[in-house]
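The structure under discussion appears below in the form of structure tokens.
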């Protein structure tokens, strides 16, 4: 069902009252579950994800297990809660979209973690999606970064992700179209958008996924806004990590 | 398209498979690949012989019971000719991909399941054999197969080897027979009603199509008359051409 | 099931050394595709794409079914791609591998979600009858870059395919056979092709990323990151998938999109040329020519 975004051009405010370059409220907690090696809770707007990390641990000795002699293998499990969306839906294991997300997160961290320090072991990231309102992949990536930091797995830098969209559909009012940052669920349904994840403070793009049609000229603006959004996300995550570190140093919460 | 019954074959054209063949006959085209002997999963492992896995994949859609049935026929036939006791606790994998069937042409584009699974069986058998040969799989003997349609016309029954689709569908009974090189019957699958006398005739005719006449010297290969269009000659000629091509550098 | 053999250390080192000297093992330039060959089958909607040693057979079929209740005006379009053990014994039937899932997802995103095929044109009676178009992608031989080749195969097959003509009277639909009425082509809105880039960074000197197009299987096994861009010749990006891997500079990535656009234009020209040749070949003395001659005599 098409959504009415015509009001945007009048006040330059989006459906939820944000301007084009504003993130939704991003709250993050680290070390939420004491029993896990690493854990985090992250919400971007109404998208909420719990992440736990197990490992690095020994590869289960199953025949044909994908253990590699020279480095650790990152594996990701995503489970979407039935109550996460507006409609209650059961999602089977065979969902290719979820499988693709798992592969994406796994390969992104495989390249960023110092996996060569842990040969013959595996690092398992499990993500539980509690609430779903756009920017799902981005939220999962951010939550995984926090949980991996909590688990103490060495990594090159944070992987921070966000989404960026464009107010134009692929043909209409091309000149006036604005790029948008951090789309919510209803905006994602209607507007072209991409998910971008950067590694570190440089504009190094680790993940870039776009599933909608957009003019090639739009892409540069969207990418620039997305990469800028990732920096904002990085600052927020950094504050959370540093606060946690400080508490540990003070010995108040070991 | 015009000469539907003419057979043609290409050998070893897929570079990743151990052996492969494309074979067309009667409007059907099948691509076959053989991998093996390879490691076998624990649950399929046989202690004193190689397990044979046949996979038949239709041109459109996913395989159903018909494909599974064809697989089981092929599996039990190939078990008889491959020297499976040479490779205990291994797997020989035969994949057959159907790419062209005459049914599609008649029906336009709609997916029509053939009324019978027998029509494609000879082509599948022959492709599997050529792919096995291409993979240099040790075989005890090679075989050839034929499809025969029998039409009843009063008291007389007329037999057509490798009938067209129309001939196949109007037949009273259809038969697939496979013979080894020595002329022994390896496989017989029949469908429809027929008398025992008909069966004798069918057997005789199938034998003449599949196996060269007594006079022909099957050992020498040179003396085979090119005019005789039996399947054994076809298989031999295909292989000879392939070997000649592979050894063109050898004087 | 045995696992896919990883490239040996020697192969790896040879490849890296060659890359440092700006060479690929098969002697191609970094942005050069392998030889692309497109053959059409006897039937309509059957294509056989060869990209080097990669070979993909695509088969389009159509049948009349009922549309989904939530989309009564849309026909169905499904793409199935299954890697059989024919491709390599490491693929198990009925248990999809990662390669297979990613391939089908990429094809789905590029061709279906971008609306390449106009599904509304497949509707016969709203909510009751519609065409279901099915594309079966059979990978016969895998030597890298399955996505690009499969995309070419499916799009060429869709353009080559003709669905039987139909007429609707009230609630009843008549489907005409090939002999009765000339079949009609599908309504395609645009032609998005995929271009896959492979990235290598740690293998070569610091701070430098080498980008290769149309990687072979060995190059795919050794790469540290890849990105697939689906784009049509009008410069509409339909899909980007850089699923993790080595980080890449954002500006460099925009350069990749421009390269993809150039390549897609080349591919489009090639495919339409082959389609034209094929149409000419079919036109001569085909069933259609016969039919038109008959009509002349009647009138």
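We call the chains A, B and C, going by the order they appear; numbering starts again at 1 in every chain.
Here is the rule we use: a contact is a pair of C-beta atoms (placed from the backbone, for glycine too) under 8 Å apart; a residue touches a chain by one contact, two chains touch by 3 or more.
Being a predicted model, the structure only gives us computed values, none of them experimental.
Can you figure out the chain closest to the middle, judged by Cα centres?
Given all protein C-alpha atoms shown, the central chain works out to be C.
Relative to chain A, which chain's C-alpha centre is the most remote?
So the chain farthest away from chain A turns out to be B.
Please report how many Å separate the Cα centroid of chain A from that of chain C, as a whole number.
For chain A versus chain C, the centre distance works out to 29 Å.
Please compute the C-alpha centroid of chain B, do the same for chain C, then give the distance between them in whole Å.
Here the centre of chain C sits 32 Å away from the centre of chain B.
Suppose each chain is reduced to the average of its Cα coordinates; what separation in Å results between chain A and chain B?
Here the centre of chain B sits 54 Å away from the centre of chain A.
Hey, what residues on chain C touch two or more of the other chains?
Expected reply: 1.
Please name which positions on chain A make contact with chain C in the complex.
The touching residues are 64, 66, 96-97, 99-100, 103-112, 170, 194, 198-200, 202-217, 219-220, 223-224, 227.
Which bits of chain C are touching chain A when the two form their complex?
Residue list for chain C touching chain A: 1, 3, 98, 101-102, 104-105, 108-109, 113-115, 224-225, 227, 231, 235-251, 253-254, 257-258, 261.
Can you check the complex and tell me which residues of chain B touch chain C?
Residues 1, 14-17, 20, 31, 33, 35-36, 38-39, 41, 53, 55, 57, 59-62, 93, 95, 97, 99-100, 104-105, 107-111.
Could you pull out which chain C residues touch chain B in their complex?
Touch residues, chain C against chain B: 1-2, 41-46, 53, 55, 57, 59-64, 80, 82, 84-89, 93, 134, 136, 138, 140-143, 161-164, 175, 177-178, 183.
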